[in-house]
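For reference, the structure I am asking about is given below.
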Amino acid sequence: MIFSFDLLVNAIVSGILIGGFYAAVTAGVSLSFGILDIVNIAHPAFIILGSYTAYIVNATLGIDPIVTSIILAPAFYALGAVIYQIYYVSFEKRGQESLRGIAFFFGLLFITEVSLVLYFGVDYRYVEAPYIGPTWHFGFVDVPLRIVVPFLVSLLLIAALQLVLSRSFVGRAIMAVAQDQLALRLMAVDPIRIKRIAFGISIATASVAGAFLIIIQPVEPSVGREYIGRVFAICVLGGMGSLPGTVIAAMLVGIVESLTSTFYGPSWAPAVSFGFLLLTLAVRPAGLLGR
Amino acid sequence: MRSDIFFLICLAASAALYAGAAALGNDYVFFAGYVVLQYVVLSTAWNILGGYCGYVNFGSAAFFALGAYSTVAMHKLHPLPIPFLVLIGGVVSGVVGLGMGYLTLRLRGAFFAIATLALAVVLQTLVVNWDYVGGSRGAYIVRPETLAPFGPYIRYLFTIMLLLAVGAVTVARLIERSRLGYGFATIRDDELAAEASGVPTLTLKLIATVISGALMGMAGAPFPYYIGFLQPSSAFGLDYAVNSIAMPLIGGTTSWVGPLIGAVLLGSLQQIATVTISSAVNLLIVGCLLVAFVIIAPNGIVGLVQRYVQHKPEDFVGRRKVETDAPEAVP
Amino acid sequence: MSQLLEIERLGKRFGGFVALDEISLSVATGERVGLIGPNGSGKSTLVNCICGTLRNEAGSVRFDGQRLDGSTAHQRTRRGLARTFQLPRPFTSLNLLDNMRVPLLYTVTARGGSRTVTEIEARCVELLREVGLEDKARRLPRELTQVEMRKLELARAMAAEPKLLIADEAMAGLTHSEVEDIVGLLKRLNEQGVTIILIEHIMSAVMSFSQRLIVLVSGRKIADGLPDQVMRDPDVERAYLGQ
């Protein structure tokens, strides 16, 4: 382990930048798990789906991946709405969500990943864009543009999401549905519809996060798996449903991962976020009713 | 039927199975059968925590791999006969299960499920970085060609797994019919009400986790001998995670019969399929079946059979039909 | 009469919201106490804290001479505390008989002394008979009506052979005669030696059942005494009519 100040600063900077990206990846889960209490462990699979859709459009039409993902977001929203409807009718209504609901998403995770393998193979795919390649240098600090751009857009995305959740009627209804469905009904708002909208938004963010992912690194179908634990670790650390909390937690995880990777080697990196998760869960206040 | 009689019947059936397999004259049956029996143990083990208690374990592969890697570690330290290795694998996995359970079982089921996922990755990372057991390069285990009185070594392995399967099923059935089984069911149904009725939920959940983990470790212990060359990617493989969840859910989670049916059916199908179609399509089918069953037939094949049997127009004499059209009582 | 339950300055908050504000009360062995209060006054939170489902942040709970702090819910049940849930929570995959069996297996036998399988089976049937559910013994809870679910809930609490039973709104939505049935059942239980705290909105039941009445408003106890006197208390009137 060679300790140098250069390495340290670079590691921290790249950790923060990656953390911004992680926040975008986790935002969807903050919605579905943090607020709606739906254990969608298939979320990373939808992100990979977003990466591949961005890839196809980029490879055939040459359109920028982030732009593509925003245009395709409504399609992902629709997918999310359909999935939630199936989930609600099959599991939430019957009170089966803790076993079969989780298994359902587990199955979706597999179906998505394996379908991508069958269709695209296991070769790594990447996209082309003018900001992939160049690196800015600030003294000894190297900042690759392909990480900066997703970082910035990600923060914008989260800010926009936070605005929607706190200012719009639908957004506030989403925050309310987590706490008091009966009150919502009394206001003539259908909580199921609200949850469907929220889950749709959650999957729509996956489209954009997927574009970020394939900009930052080449993607193949099993890449999503290392994000499962990461995403839930950040969601829990960040306070379950708080978007600002998610951002902070994401950067924390990004920094620790980056430091571990730089000084101990990249083969230990997957264990960091998962280890974080285990630690957080173990130290969390216990209690069947407590949140 | 008393458990010891059940156990004897199982042993008798197993002997018949072995004889039938040997009569076919092709050792491939034993190779394929080993995998199916392995899944019987894994599904039954998973179901003890998942089906009986309602706590989903995504880390079956981790417990399985722990068993396999403790065999590799022992092999380098001091080679032992496989039955001892099975016990060691069981103890190691059981202890890890206890530790993990103690950390995470106080939380809601969702958090436990996620924690098991995290555990699997952490363990895999640890193993990949541990050179003593071969790390990412893998570890060779030399196995003998034959072993008396079985003949080909694979028959010996098959027998071990067969006995493990009988053991696992007997244990599951024993639990089901005992006080423990009632306790597990209440944890699944309503943990709060269970506590209020005097059920020590944390203790029971820990017991379930230990038994489940230990059985999975025992299933993993002979694996290095089966496969000859053990790599983390095969020990921690995806198919173990999916199958140990899909098989009980498809077979039926409420009794020991479900995982057995699920493992035999799905396991056999997959063995046939790997010869004819790719393993990716294999997994796709399992994933689709899992989703389909979980939506359409939540009680699995066992549940479907029960429903079919109850709707038959003729009844056995004296058997009361359960009414299912009472008004919906829960607000 | 000795105090079976002693609660001293019990406090519980949910974030910034104070659910229980320094509540002190006691219940003597063999008493029939009624607990009333407007919705959201903290009655269920109080029950949850007493029974261990929730952890109180301040104050103490003493049961049968021993402090309960830190003990889990199932330990409190084994000590002799039992409760029903406001919304019935039966064990949905077990039939009614087995619903009775669980408290017998895990509470009664845990206290010592073993029972044979036949003894347990007989006791389960007996418990169901007391609430009139005997002929539905092998049905599943989802086949029961509202009333029957509440009776099942009570029977299951009784199965634990408690010293103190807290009945949390066991009679919501029942007809007049059904309410009388349950009140009668509870009175019989009390005659057999079970101390009972009845939490209810149905005033006729509360008045006919309670020897003492406690009123909770916004997490605070505002009255504690004989039912007639409490009902004439101006504070109580204001709490129910004023707001």
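We just call them A, B and C in the order they show up, numbering each chain from 1.
The working rule: a contact is a pair of C-beta atoms (placed from the backbone, for glycine too) under 8 Å apart; a residue touches a chain by one contact, two chains touch by 3 or more.
What you see is a predicted model, and the numbers here were worked out from it, not measured in a lab.
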{"item": "Pair with more cross-chain C-beta pairs in contact, given A-B and B-C", "value": "A-B"}
{"item": "Chain ID, smallest distance between chain and overall C-alpha centroids", "value": "B"}
{"item": "Furthest chain, CA centroid comparison against chain C", "value": "A"}
{"item": "Chain A and chain C: spacing of chain centres that average the CA atoms, whole Å", "value": "45"}
{"item": "Separation of mean Cα positions, chain B and chain A [Å, integer]", "value": "32"}
{"item": "Centre-to-centre distance between chain C and chain B (centres being mean Cα positions), rounded to whole Å", "value": "41"}
{"item": "Multi-chain contact residues (two or more partners), chain B", "value": "188, 192, 195"}
{"item": "In chain C, residues with contacts to at least two other chains", "value": "53"}
{"item": "Multi-chain contact residues (two or more partners), chain A", "value": "287-289"}
{"item": "Residue ranges of chain A touching chain B (in the complex, touch as defined)", "value": "33, 37, 39, 41, 86, 90, 94, 96, 98-100, 102-104, 106-111, 114-115, 117-118, 226, 228-229, 232-233, 236, 267-268, 270-271, 274-275, 277-278, 281-282, 284, 286-289"}
{"item": "Chain B contact footprint on chain C (complex, rising order)", "value": "51-53, 72-75, 77-78, 82-83, 85, 87-94, 98, 101-103, 105-107, 110, 138-146, 148-149, 156-157, 159-160"}
{"item": "Residues of chain B that touch chain A when the two form their complex", "value": "50-51, 54, 56, 58, 103-104, 106-111, 113-115, 117-119, 121-122, 124-126, 128-129, 136, 188, 191-192, 195, 238, 242, 245-246, 249, 253, 280-281, 283-284, 286-288, 290-291, 294-295, 298"}
{"item": "Interface residues, chain B side, partner chain C - complex", "value": "179, 182-183, 185-186, 188-190, 192-202, 254, 320, 322-324, 326-331"}
